[in-house]
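In the two assemblies presented below, subunit A is common to both, partnered first by subunit B and then by subunit C.
On to the complex of A and B.
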């Protein structure tokens, strides 16, 4: 009941938050120089043709009118049309967003496993070799550019060792992608019982997931290590030691108390990676949503960009609401 | 010079530590805290023994080393402290020499500590019932169900109001007094042979304090447990300790049977402590002067010399030994105060 009231309150704020995000991104995207009509018609277009197209696109209207038209269309489920793909943005994103989401989610899972495990071990022995390794790892993970690391992995595992498939998309070209249900190839392939497609999709995921997972484990590792050190140094951990609680349990209880901070950093990374994975998407020709949005920015194709911002914003808001609910479950001291 | 023969420190320690077969004998326990400039000696070769079933009081002001002693007895001095010497003999074995897994099994099982400010000492994300039951599960190896049953019985024993509800309460939902009872329940659920009460009633209302004290005393007696009762309040020790030690700057200044200590205090510091609680203005005026005196402890002389109204040249030159001034009554002073 408490959780439901809380959820209702939070959801009531989602709509104004979204309108605000759309307004800001609309103004920002509109401030990108370049006339879409000119770009769409090419260098040989007549001024009349350009003016005609501007009118049909609504570009001759004042900015606030354009915004209201966009909002009105949104309410009808129309996110505009991309002139590059000549398809509705909604259709494009429904196809591409799950690709990014699949990549980012699996990467984040890897990052959590690596980061939390190393963080806990490093905190247990602040002067041990794992702690020193973690320090070096945290530093280099923050310093290495992801596209560079992706290229290194491709060189080693594709070019030299031939373990990984060519970095060209999400599935082998000769394999027929499974019927889209969730949009994530691995899940759809399993749902369809198509093991060949599943393995192909999985092998294509390996290198980009490794890239994003290993690099983004850095912040999770640092946060886990710092919070765990604090928790293991706290009064209640010392009291447990004094009461003869085995170290294994002391560490487990400390981790349990560290989870809110760890969940926070994970949620921030999750929202960030939706757009932040774009360079890795490009390296692996992933065809994800980030790549789609960047193409839009480069070609004054504003509807894909706005659609992407909208999707990411909704996704981030969902993540934050879920995280707030997790806090309530994790910490009995949060009651309202 | 005092008219009492100052025997060699070692011999005296032997006498202090072993009147009969003690349950716990702390021998020459030293704990140091490494600092940025110098290493601070927090316990300076402290010796004390406790007989089976006996309650020994230990009085000292803040910073005297009370908590350090309580935790060092179990081999875990407060960070960054380090045990630099000495033994804790429990049932014939020096437990500080035991490998960590063995010592761990003694902690909370055979020797347990009742900590002060327990709301910070309890795990904020686990229920009270679970935390008490965990002690029984870990140390006695009983089933989850049995452990919960024992925890509930223990909560009733410590007279917590509404124990059914408290089993599922979290530490932040308890009052200070209730949390103190919970910690006592955790310390006693395994029926330890030795209980260390580390200032367990500080920060509680006087009425609650009295309840907790009589509860501790009764439970210890029911269990046949011996207890080291550490406190800042010398008055409390008068109620139920058979012997009382006075701790100052990591050293025992006076150790005596209760009657001797309260009726014939010998050390100036003990007198000052007693005077602070006295209703006689004459006594208070005479013995409460140098509270503001420097706490610096010269390496050479008596550590109390800087605050002592009776201090003389020799006090700053030479450390006084812990001398036996009457049977069982020890004082670490060049000029013990005695009835003449």
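On to the complex of A and C.
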């Protein structure tokens, strides 16, 4: 029951925000020059055909009517049609969003491993060499452009060493992709028992995950280090040390108490990466949702852009709700 | 002002990486200003007979796939990148900072201003809920692709940061006695905000400025990389990296690597400068830094003492 009231409160806040996001993105993409009807029919179209198409797309209506039509369709699960793929945007996104999600989730895992490990070690010895290293790492990781770092990795591991596959999509062209169940190639391949597809998908994931994971570990590292230092410095840790509790346990207890703030920064990063992975998707021809949206912007194809913004907003929302529930698990004191 | 410069100098001595930051920013700025004197070739003219030449004495960084000299282009590039990023950041601080100051000043009480202040914060929520890059690229696309619109996109994307920063500062300052005193003395709200509130809220904004210039450079390069920002042949790091993209895959690394390294070092420099301003603005950190400096001076004195006695 308490969970339900919580959800209701949350939605009361979020739905106006969601409508705001849709409105702003609608106005924004609508003002991108280029007439979809002209673009769809090509340069040889007759004015009559263009006028007909404009009418059937609702483009002859005033802007606010177009917005209401879009909202109405949205309630029926219709996100419009992309003129580039000539498919419903919802179908396109259902196909592409898992690709982005798979990439982003694995990258986030790598970032967590790197960030939390370095952060904990750095906090244990604030003047040691690991602390210096992680300091330098935190500062420089944020300065590297991801699309360029991806290119460096491609040069080293594909062009020179031939360890990684060519940066052309999510799976080898000769390998048949597994039947989509979750949409994530690695999971689907495992479910189908197709090891060849699994390895191919995994090897294609290696470089983009390395790029995003290494470059985004900075915030997690900083947050872990800062909270761990505070926790190790607090009374309960000092008391444990004085009582002769082994150092491993002291660190574990401090980490347990640092988790809420670490989880917060991870959730923010998760939401950010859905859109932040766009450039890496483009470099590796990933065919993900972000790349789809950018293609939409560059070709005045507005519905994919709106659909992507909507999807990523809803995704962030789900992440934040899950995180709120995790807080309760991590710290029983805040359950009410 | 002088005290600040003196403090900066001491800071650079204790924390060498801050010195590195100032050095990087200074060097890149000088390169950008003196580019026409330093560059051995024109940054936009192609020598089609010498395309994709590896780095050599004639072409320090090699040539790209149409035969333009990469070194010349790479040192001309900060003219565009820095200008865009600095203008965009200043504009976003001006826009976000002034609205944030008003929103913070009028955040309690009643009347239409309070509602406006609430509405502004919710608008900032909406803007920040967007995926940054897609938002920026959509802005540039809808305003028409040009250098000015990239500046506007950077300003707009970053404005909510300053809005929040300034608002939270003003919230804590507006209840101070000196603000009350200036109101009692008959200064208008506007005069109070401009003369007494904003000057005292500036420190974190300044630290953010430097960090944001770095982000602005990254965003400019990213937009140009996908073809939505500055267009070739205008020398710009992101579009240079994009031009060399296919060559990297086939083994000619130089067209993309050099501009990328310069871009990364520049952004790194700006974040170091930002970190140093942050350290100066935070009284606790400043005290620690200064006590480090005193210790250092004492050690140095202790080392110098014996040699003096020998004379």
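Assume the second predicted complex is superposed on the first by the 311 of 336 C-alpha atoms of A that agree within 3 Å, B and C clash if a C-alpha of one lies under 4 Å from a C-alpha of the other, contacts with A are read in each partner's own complex, and residues count from 1 in each chain.
The criterion applied here is as follows: contacts are C-beta pairs under 8 Å (C-beta built on N, C-alpha and C of every residue); 3 or more make two chains touch, one makes a residue touch a chain.
None of these values were measured; they are calculated from a predicted model.
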*Given the superposition on subunit A, are subunit B and subunit C in a clash or a fit?*
fit
*asked:* Applying the document's definition of touch, where does A:257 land relative to subunit B and subunit C: first, second, both, or neither?
replied: first
*subunit B versus subunit C as contact partner of A:28, first or second or both or neither*: second
*Which partner does A:20 reach: the first (subunit B), the second (subunit C), both, or neither?*
second
*Now for A:169: first (subunit B), second (subunit C), both, or neither, which partner does it touch?*
neither
*Is A:287 contacted by the first partner subunit B, the second partner subunit C, both or neither?*
neither
*How many degrees apart are subunit B and subunit C as seen from subunit A, counting from C-alpha centres and rounding to the nearest 10?*
70
*Would you sort A:333 into first (subunit B), second (subunit C), both or neither based on which partner it touches?*
first
*Could you tell me if A:126 is touching subunit B, subunit C, both of them or neither one (first, second, both, neither)?*
neither
*asked:* After the superposition on A, what does A:52 contact: first (subunit B), second (subunit C), both or neither?
replied: neither
_Partner touching more residues of subunit A, whether subunit B or subunit C_ = C
*Report, in whole Å, the shortest distance between any C-alpha atom of subunit B and any C-alpha atom of subunit C after the two complexes are superposed.*
5
_Residue ranges of subunit B touching subunit A (in the complex, touch as defined)_ = 71, 74, 76, 78-79, 104-109, 112-113, 115, 117, 120-126, 134-135, 138-139, 170, 172, 186-187
*Given the complex with subunit C, which residues does subunit A contribute to the contact?*
16-17, 20-21, 24-25, 28-29, 31-33, 136, 139-140, 142-145, 147-149, 151-152, 154-155, 158-160, 166-167, 272, 274-276, 278-279, 282-283, 290, 293-294, 297-298, 300, 305, 308-309, 312-313, 316
*Considering the complex alone, what residue numbers of subunit A touch subunit B?*
233, 235-236, 238-246, 249, 253, 256-257, 330-333
*Which positions of subunit C touch subunit A when the two form their complex?*
17, 122-123, 125-127, 129-135, 137-139, 141-144, 214, 218, 221-222, 225-228, 238, 241, 245, 248-251, 253, 256-257, 260, 263-265, 267-268, 271-272, 275
